[in-house]
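Two complexes, one shared chain (chain A), two partners (chain B, chain C).
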Partner chain A sequence: MKPPSFAYASPSTLAEAVNLLASGNGNAKVISGGQSLMPMLAFRLAAPDLLVDLKHLKDLGTITIGDDGVRLGAKVRWCDIENDRRLVRSHPLLAEAIKHVAHYQVRNRGTIGGSLAHADPSAEMPGVALTCDGEMTIVGSGGTRVEKASSFFTGPLQTSLEPDEIVTELHLPAWPATRRWAFREFARRKGDFAMAGVLLFYDLDHRNCAVDAHIGAIGIADCPIRLSAAEAALNGNAVTEDCIAAVAAAAKESIDPPSDIHAPGAYRRALLGTLLARGLQHSIS
Partner chain B sequence: MQVAFELNGDPVNADVEPRTTLADCIRDRLGRTGTHVGCEHGVCGACTVLVNGEAVRSCLMLAVQAQDEKVVTIEGLSGDQLSPLQAAFRKHHALQCGFCTPGFITTAHALLTNEPDADQERIREVLSGNLCRCTGYIPIVEAILDARSHYARDGEK
Partner chain C sequence: MKVSNSYVGRPMERVEDLRMVRGRGTYVADVNRPDQLYAVILRSSVAHGTIRSIDFTRALELPGVRHVLTAGGLGDFVPRIPVRLQSLPELEPFHQPVLADRKVRYVGEPVAVVIADTAAIAEDALEHIVLDIETLPAVAGREQAETEPSLLFEGHGSNTAITWRACLGDADAAFKSADYVRRERFKVQRHTAMFMEPRGFVAEWNAVAGEMTVWGTAKTAFYNRRVLAAALGLDEHAVKLVEVDVGGGFGSRGEFYPEDYLIPAAAMIARRPVKWTEDRREHMMSANHSRDIECDVEIAVSRDGRFLGLRGQIWADIGAYLRTNGSVGPRNVAQCMSGPYCFESVDLRSSMLVTNKTPTGSYRGPGRFEADFARERLIDIVARDLEMDRLELRRRNLVADSQMPYPLPTVTPFESTNELDSGDYHAVFDRCLAEFKWEDRSKLRGRLIDGYYHGLGIGSFIEGGAAGPKEDARLVLETDGSLSVYLGSSAIGQGLETIMSQIAADAMEVPFERITINHGSTDHVKDGYGSYHSRSTVMGGSSILLAAEKLKELIRETAAKRFNCSPADVSIDGEKVSHAGNHLTFSNLSDIPLEVEASFFNSKHTWAYGTQAAYVAVDPGTGHVKVIDYLSVEDVGRMINPLTLHGQAIGSIVQGLGGTFLEHLVYDSEGQLLTGSFADYLLPTASDFPNIRSITLELKRCPNNPLGAKGAGEGGIIPVAGVIGNAVADALFHLNVQPNELPLSPPRLWQLIEEARQ
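Right after this comes the complex of A and B.
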C-alpha cells in the first residue's frame, strides 16, 4: 500500500529536531534510514502527522572505539558496522550479530538508532544492547539522559522513549580479548526475522570456570530478554557437556515463547535450547 | 513538496507529497518505468536503485529523502549496447518474465562495483534480498559470476 499522508521536515540541528517532535503532540515520528518505519507506513500500522528526518544532523554516524568500549552513533548503518574491521576484535559479538540483520539493500540504509527505537522482538541490535549491558544516550525536551537497555525495551515495538526523544548513541562496555562468546539465530530464509536467537558471553576465572555470564534471547518474547536462570546455571561452572545441557535446560524451563503463524511456542522453546547449546559448544572450541 | 536530485546523470525535480516513495516518484512523476514496484514494503527487491552508488530499496525511501542525492536506475546502467551484466543475463537465460530483473541488475552492479571478487557464496548472500519467481536463481548467479571479469578494482583494469 501507499503510506498515509504526513508532513515532512529535515532539521539541521538536534535541538530543532527535538522541538519539531515536541510540537507534534505525540504524533510525530523520527525517520532516518526508514527501513523499519517505511514498511510500518506501507502497512498503515503507523500513521504519524509529521516525520522528522535526521538526514542533515551531523555527528550521529560515528563509530568510536576506546578503553571504555564501543560507541555507536544513532545513524551508524549496518553496512558501516560490517565494513569497520576494528569491530571484529573490539566487539566480536556485535560484528557477528549484525551479519544477520536483514538484506544487502536494507543494510545500506538501516541504522542502529532506528532498530533500537523500533524495538522489534526479533531484532539483533536490541538483543546486543540488552545482553551486553548497553546504555542509550537519549536527547529530548527535558535534556539528555542515559538509559540502560535493561529498562529501555518495555514490550513489542515499545520502549521508554518519550514522543519528543531521540536516541543519539549506544554505548557497549569494553570487551576483554579473552572473553568467550557466541551468537546463534534461526530463520527459515537468510535475513528474515529470527524465530529464536541467542547471544551469550562469559569470562573464565583462574579455575577455568565461567564467570559473569550474560545470556540474552531474541524472538521468543515481547522484547529481548536476559535468561537469568541460564546465566546462574553457567556461572561458577566449568563449561562441560553436562554444564551445557544444564544451562540449556534451565533456559528452556524459564521461557514461555508465544505461538504465531511462523512457529508454535513449543518449537521456539526447543529451538532456543538447541541454539544455546550449540553456541556454548562453539564458545569452548 | 519540491524535490530535486540527480537521476541517471541528469538534474531532475518533481512536486511530490511527502509520502511519495522514491520508486513512485521515479516511475510516475519522472517517467522512468524501468524500476519495478513489487511488494511495496521492502521484501522483493524489484525496486532496487542506486543512491550515491549504494543499492537501496526505492520503496523504502521517501522521494523527499533523495534531495540532492545521485540516483541511478536500470535505465542509467546501459546505453544503446547491452551492459556486461545485461549481456550475461541474456546469455545465461537469467530471466523469464523480467519483472524482477531491474532489481537484480542494479543490485549485482552495486555488488560487483564494490566487490569485483565476490564469490558465489557472497553473491548468493546478497541476492537473498531479491525475489525471482521464474528462473530459480541458478542462472542468475551464473550470469553474475560470468560478468565479474568486466568489473575490476581501481587500477587493475
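Right after this comes the complex of A and C.
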C-alpha cells in the first residue's frame, strides 16, 4: 500500500494553485486534509501526476456568520465546526450533521472543501449543502464562479468541478431562529458511512402548517438528493402523525436505493422512511 | 529476601506495558538490517484459473528491482506447507504450495515475489508483471462446492476434502424413541482475526556460515523452524527464528504461511537481508480466514426436557487449501457442540469443503464459537416449543460435578477422545443469574420501551486449553543472583512475561523483580511448542514449576560443596542458602551460572467453563441491537493474574460481539473478496460495546497440572453469538423471530422482523 509516485507542490497563493492544476492536464489533484484522497492513493485507485497541497494558502480556514448566513472556507475542518459554539444557534442542522462525520482523528484533518469535491454519496457535508440550498464559490483559470449545490453534485464521486478548479467556500443561507429541523442517519457503527441519512427543515406559517420544506437524503443514491415528493407532501400541512406517515411513504416511493455489501436497497428504502418519520417527529417535539 | 506465594493470584500490572506505551517496543517492522532489500508479493486477482505464463521481464527492467521469484524459479519441486495439527496422509493433496504452482485457487494467492531496493519500487514493479491466467469457474461457497462440476483439485475427484465424525452413544436409537425432535439450520459467516500489527519478516542469510536468521516469528517458532529448515534444505540448527514484540495473534499470526518460506528464500537468492511487511489489504486476503460454518442439526429431547440426542451435518468452507491448523475449527464444531450439557448421544459429521477463497485456520475459540451459536439457539427454540423455562431446561441438562470427568464425543479419523476435567457448572450458572439480576430484569422481557423491544439471553460454554504434548523451560541462576527463565512459549500480547514472572517468583520464593523471562525464539530452549489452544500459562507455567524444583536441587548441591555437607542438609530461604549457621546468597553462591531444564508433559486438556448473559434492546425500525448489559462468569480453576485475565475476557467478548454483529469477509459469486479494508470489514471499536462485565471464579482446580490452572484466553468469545441470538429472539418473542444466521446485521434483523410480520 504505497502510493504510485507523484510530484508535489505546496503553493502559497490561490492563483498559483490554480496554475499548477491547469498545468497538470487533468492529472493534478488538490490535497488538503487527505482523508479521502490518501486512502485512494494507497490503494492505487487514484494515480495523479501532481498533488497540489493547499496547506500554505491563507484565508480559506474561516467560519463567517452574518445576516446572509454562514460562510465556510474550504479548509474549515470538522473539528472547527464542532468547536464553534455559535453554529449551534446559527446553523443547528450543520452543527448536528457534522457530529456524525467519521471519527475523532478524521475530524481533526478532514475539510469541508475536500468533502464537497470528493462527493461521496453517503457524506454529510454534501447533504447539508444540497438540503440547505448551499452555494459553492469556485476558483479556476477562467476566474471565479458561484454554483448551486443542486447542480454541483453530478454522480458518485462526481461534481461539476473542472480539473483546474478549486472550491474555496460554501455559503449556507441564513437560518431563522424558529425553524424546525432534524438530522437522522444510521450507520453500522458510529462514524461509518451511513446506510441512509435524512436532513430536513421547514418553517411554520400562521396556521401552524409546514412551509418551505427542505428534505434531503444521503446514502441512498449516486449522490445526495432532495426528496421533492416528500417535500410536497409536507408543505402546507400540519405536522401530525398522519402527515408524517404520508411524507415518509412519499419519500420511500420516490427513491430506488442501490444494494451493496452493507445493505440491500430494500432495507435502505425502509430505513430512510423510518429516519424521516423519526426526524419529523423530533422536529415537532 | 524470601517471598512466599505472594505473586500468583495477585492483579499484577503487566511488565510489558511500560515498554509498549513508551514506544520502546520492537515490532518486526522496526527491525532493519544493513543492506536490506524489500519484498512485495504479487497475488492472484483471479479466484480460480490455470497459469499460462508469467512474464516479468519489464518488471526486472525497472531501476531498483533486483529479483523476481516465481514457482518456476524454485526448481522442480515447489515446497508445500505441511499441516501442523491433525495431519493425515489423505489430506496431503490439499497442502498449499508456497507459490501458486500451475493453478491459482484464491484471490490473494502468492504468484511471484518482487525483491527491490524499496517497497515502493517493488509495488511499482507488480504493475509490470504480465500474468496470463485461463479462468476456470469459481467455487465460491458450499452450494457450488457440492454441485459445481469445477474441481479445485482434479485428482481428488470432489471438493470435499474430508468428513470428520463425532460420536457418543447411539444417536439413531435415541432419535427413534424421542418424544420430541427439532431440526434447524445455522450459519456462521466467514470472519477472522484482525490483529493490530500485520505480519512481517526480516530474513538474513549468512552464506559463509550457512545460517538463516528470521525475525518476526510468533506462536509456534520451533515447529516453524523445522518446516522452514526442511523446505530450504538446511539443518534445523542452521535456522534461527527470532521473536520480537507482537501486536496480537488470536490464533492466526505465527502459523506457517507461504511468506514464512518466501522471505527467507528471497534472502538466500538475493544474498542480502530481505524485509516484508504485510499491509492490511494483503492481510485480509492472505492470513487465515476463519469460521464460515453451516450446519443442519437435529436435537432429540424427552418429554421432561432431557437431551437425548444431537445429530446432523456440518459444512466447513475451508477455502482453497488446508492450512497448518485448518482442521481444528471443523473438528471442534463437531466435538464441542454438545458443550457443557449431558447429551445421551451425539452423531455429527463435519465436512471440510475446498472453495476458491482464502484458506482458513483457527481464530480464538475455533469451532466453539460456531458450535455454541447452534447449540444455545437450539436450546432456546426447544424451550419455546415445549413451553419450558429455558433456565430450567439448561439446569436439567448441565453436567453435574458428580459426573466428572465427563466424556466428550470421540472424533474420527485421527481419533481423539477427550473429557471434561472438573467443574461445578450449576454453581457458575446460578452465580451468573444472580449477578445479572435475571429475575428482576425478566419483567422487561418482550416489552416495547421507547421504540425498543427488550430481551434477555443466556448460554453456557466450555473452553478447551493446554494442548500437549509438552512445554520446555530452562532456568538459570545467574552469578549475580538473578533468575533467567527461558521458555518455549510465545508472547502474542497475552502478558506472558508478567504471568511467567509471577509463577517463577513464587516457585523460587524470590522477588518478582529478580526474574527475567525470555521466550519464543528458537535458541532459548532445545524445543518448544508455543502459544495456542490457551496453553501457555498451564504448559509453560507448569514447566517452570518443574524446573524450579530441579534448580533448587542444583542450588543445594552447589552449596553443599561450599559448605562441605550433604545437599539434603542445605536449606534455601529466599535468596539465601544456609547450613549450620553458615550462609551464602544466590549472588555469591557460584562463579558460573547454574542451569537446569525441565519439560512438562500433558495429554489431557483443561476445561474452563462458564455462563454468559445479555440484556439487549432491539429497534425494529432499523434492526439495531443495543447491548445494555453483558456478563460473563467463568471458572478457570486458578487465576495467575486477575488483571490480565480480566482484560483477556473483556477483549474476547468484544471480539465475539464483532463476530456476532459486524465482521464479515464477503465474497461475490466469482470468488472476489469484496471486503478489502476496515471501511468495509467492520471491527468493533473501543466505544461500540461499553457495557461488558466479567467475573472470574476459582471453584474447581484442574486436577491434571501442578498449577491447578485451566487455559482461559479464549472463553469469553465462545458463547457470545448464541447468547446474543437468544436475547434478540427473546426481545422479539411475540414475532417468533429466530436469528439463526450471522452476522446479525441491522439489515438481516430488519428482514427477519419484516418476514415475521407478514
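As a working rule, the second predicted complex is superposed on the first by the 285 of 285 C-alpha atoms of A that agree within 3 Å, B and C clash if a C-alpha of one lies under 4 Å from a C-alpha of the other, contacts with A are read in each partner's own complex, and residues count from 1 in each chain.
Here is the rule we use: a residue touches a chain if its C-beta (ideal position, glycine included) is under 8 Å from a C-beta of that chain, and two chains touch if they have at least 3 such contacts.
Being a predicted model, the structure only gives us computed values, none of them experimental.
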Check: Of the two partner chains, chain B (first) and chain C (second), which one does A:V70 touch, if any: first, second, both, or neither?
Finding: neither
Next item on the list: Would you sort A:K190 into first (chain B), second (chain C), both or neither based on which partner it touches?
Entry: both
Note to self: One more residue to check, A:L271. First (chain B), second (chain C), both or neither?
What the structure shows: second
Item checked: If touched residues of chain A are counted for chain B and for chain C, the larger one -> B
Margin query: Between chain B and chain C, whom does A:A263 touch in the aligned arrangement: first, second, both, or neither?
Written below: second
Margin query: A:K2 in the overlay: touching chain B, chain C, both, or neither? Say first, second, both or neither.
Written below: both
Margin query: According to the stated criteria, A:R109 is in contact with first (chain B), second (chain C), both, or neither; which is it?
Written below: first
Notebook entry, point to check: Counting only touches as set out at the top, which of chain B and chain C does A:L41 meet: first, second, both, neither?
Noted result: first
Next item on the list: Pick one for A:M125: touches chain B only (first), chain C only (second), both, or neither.
Entry: neither
Notebook entry, point to check: Shared contact residues on chain A for chain B and chain C?
Noted result: 1-2, 4-5, 39, 43, 103, 189-190
Next item on the list: Can you check the complex and tell me which residues of chain A touch chain C?
Entry: 1-2, 4-5, 39, 43, 103, 186, 188-190, 192-193, 195, 261-264, 267, 270-271, 274, 278
Item checked: Of chain C, residues touching chain A in the complex -> 119-120, 123-124, 279-282, 621-624, 662, 664, 666, 674-677, 679-680, 682, 684-685, 687-688, 745-747, 750-751, 754
Item checked: Interface residues, chain A side, partner chain B - complex -> 1-8, 10, 31, 34-35, 38-39, 41-43, 51, 53, 55, 79, 102-106, 108-109, 189-191
Notebook entry, point to check: Quick one: in the complex, what on chain B touches chain A?
Noted result: 1, 17-19, 21, 24, 40-42, 45, 48, 54-57, 59-62, 64-65, 67, 107, 111, 125-126, 128-129
